[in-house]
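Here's the structure, in structure tokens; my notes come after.
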Amino acid sequence: MVYVTRRATFSASHRLFNPALSDEENEKLYDKCANPRGHGHNYVLEVTVAGKQSERSGYVIDLKILKQILETEIIRKVDHKHLNEDVDFLKGVIPTTENLAREFWKILEPKIPVGTLCSIRLSETENNSVEYRGE
Amino acid sequence: MVYVTRRATFSASHRLFNPALSDEENEKLYDKCANPRGHGHNYVLEVTVAGKQSERSGYVIDLKILKQILETEIIRKVDHKHLNEDVDFLKGVIPTTENLAREFWKILEPKIPVGTLCSIRLSETENNSVEYRGE
Amino acid sequence: MVYVTRRATFSASHRLFNPALSDEENEKLYDKCANPRGHGHNYVLEVTVAGKQSERSGYVIDLKILKQILETEIIRKVDHKHLNEDVDFLKGVIPTTENLAREFWKILEPKIPVGTLCSIRLSETENNSVEYRGE
Amino acid sequence: MVYVTRRATFSASHRLFNPALSDEENEKLYDKCANPRGHGHNYVLEVTVAGKQSERSGYVIDLKILKQILETEIIRKVDHKHLNEDVDFLKGVIPTTENLAREFWKILEPKIPVGTLCSIRLSETENNSVEYRGE
Amino acid sequence: MVYVTRRATFSASHRLFNPALSDEENEKLYDKCANPRGHGHNYVLEVTVAGKQSERSGYVIDLKILKQILETEIIRKVDHKHLNEDVDFLKGVIPTTENLAREFWKILEPKIPVGTLCSIRLSETENNSVEYRGE
Amino acid sequence: MVYVTRRATFSASHRLFNPALSDEENEKLYDKCANPRGHGHNYVLEVTVAGKQSERSGYVIDLKILKQILETEIIRKVDHKHLNEDVDFLKGVIPTTENLAREFWKILEPKIPVGTLCSIRLSETENNSVEYRGE
């Protein structure tokens, strides 16, 4: 078993806002992250696939293929977008880093052609990151 | 003469859009950066002050003071904001990295208490950055 | 279950010295780390909390709160200090990175308001780091 | 139990090529990584040892010793080398990052003097890395 | 005047070897960099263009265009290549970092559509880099 | 003319203290940097030499030689030391980053065997750095 990780980046804006709450409650809960016109980040996405190596290639998974999957399934849909408004698979989702990681998992998990999706790590800033392992 | 640099970061959203142009022209000019609902970045700001050292302190400028100036004059006004809409000193400015660096210069230059503002470097992503030296 | 990590930094000095040993034994054991007048590092602390997400906020833990806990409980007490001499909770502790991580765990574990402290990673230099998981 | 990590780097060239396959198959399988004259990387190696701390030193393992083991057993043999041609322990091994990590494990595992080798992480570029845990 | 920088990376192998010298002289001059089968690096290229901003776009140069020029003129020709053997514009050039930077300058300088090429910085490792400014 | 940079690191402790001032004045001037028992940093030193390339080697200066000079003249004398007390060439110098860079210049400038010392950049933390160019 070897764990293989591909890193990708995207730049997006978002607003933390729970529509079930009042504006005051949102501002209290999310503070400056609730700014109505949003703010943004350079997100860093690290996707880890676990598996046995192919005898033919010596790879667990060809990282060019994993790169292409990330590009098609995630990056193209979120890069240079407003995550609350422009992304179909995030409709109705509060775009916290935790929720983004889980939604990315749902999309990527069935698309991994060999091995098993093992971890999605998403960094919002150099100081804040989350990891989701499908648990 | 010694050059002293302080680094600070902020997270903001923006949209590249020239109101003198049509939507089609903006989209052609700015491509995905013209997305109407915006996108965002973790900006990295590096401010360099040049000067002689104080004999008393051995400093060109106390970096705690420079940090405080950056915080008060720039970071508080742009962090977790939409640069096109939320920032007074950017009204009417297309928020390219070049223009941001120049506007930050205009604000900071008269506020530097010792030495001379020498360079403002602003990175939008790990691959894109600009430097303005007041020329 | 999602894993949320907050990064913080501090600058401190220390000396590796076991008072149960002679000076010669300390120097043999710790080499240049036993320098009597100490040396120092920019430490990087990464604290991971594991938990379920709040339905209300979409957070496992509000990272502004975790940041504040790290600031109050750890950073204020160790930043710009001599770890052997200035820090109450390190009295009698040889300040190896391993011991620092464990002592930080003891302090932080009961202070985490939601979720469970899961990992403390502490880097002394870009080449040396330790992780403690409460085992 | 504490986990201690030492980071080291080396610069090497390699070519991905499976001698059981034709040139066309190799080129299809490995694309530009099959370039006959090779290409190269600055590899980053992170080796983690898990163990209990010595009461005498407060260390799991003296990182100066781990550094020396990495230097003697790995870095000297692969740094500024062609991995397919210059390295005895890689003869007959397709030098994918996965295989390198596993071969490093085989060499390092019996050499760790205290604690247990727990993870070898090897990064080929800032975007591609693998981890092997001896499973 | 504003200075705009685009960063790009490539992975290549090379061998330092002066054909006017004997093998012994080459080995003495270049030490492990003269290894006959070569070694490799992840190079980091930073290209800076200086110029006035366009009133229409607020850009000195559209970084998407600069990115494309770097890709077409440099990266495609050197990425995953052996610099001594696979690259037409490096025939007869000893591929030191200094010479690479100068050859890249010769290629890029006439291709910059607006502004002036101002600096090429090329890093071979995290510790070694060169800058060429056309002087 | 090409500019060649070598990076090196060292870990040291220091205390900012001007003996011409009272303890209260020092504390007011230097705040937490005046802590009597000191604090420390992982310093990053970047030394740039400018010169013409040797026709024989293609180098401005062999970076293995520059590395050795930095090691012998600077790193060995300051690494794992208390800068106020353990370093002969810093006796009587307030160890601000500015002063360290200037003292390093004085030592290195006559030792550079080819080309000209052009810049010494010294970073105290990821946010604070200085550059001295011999002016």
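So that you can tell them apart, the chains are marked A, B, C, D, E and F in the order they are listed, and the count of residues begins at 1 in each.
Here, a residue touches a chain if its C-beta (ideal position, glycine included) is under 8 Å from a C-beta of that chain, and two chains touch if they have at least 3 such contacts.
Bear in mind that the values here come from a model prediction, so they are computed numbers and not experimental data.
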Applying the touch definition from the top, give me the chains sitting in contact with each of subunit E and subunit F. B
Smallest count of steps, each to a touching chain, taking subunit A to subunit E: 2
Count the C-beta contact pairs for A-D and for C-F, then tell me which is higher. C-F
Does the subunit B and subunit F pair touch with the same residues on each side or with different residues, judged by whether over half of the numbers are shared? different
From the listed B-F, C-F or A-B, the one duplicating E-F with over half its contact pairs the same is B-F
Could you tell me the distance, in whole angstrom, between the mean C-alpha positions of subunit B and subunit D? 41
Subunit C and subunit D have mean C-alpha positions lying a whole-number Å distance apart equal to 29
Can you list the subunit A residues in contact with two or more other chains? 126
Where do chains touch, given as pairs? A-B, A-C, A-D, B-E, B-F, C-D, C-F, D-E, E-F
Along subunit B, where are the residues that touch subunit E in the complex? 16, 18, 20-21, 29-31, 93-94, 96-99, 101-102, 126-133, 135
Help me check something: in the complex, which residues belonging to subunit D touch subunit E? 9, 11-14, 32-33, 35, 37-42, 79-82, 85-86, 124-126
Given the complex, residues on subunit F that touch subunit E span 1-8, 48, 53, 56-60, 63-64, 67
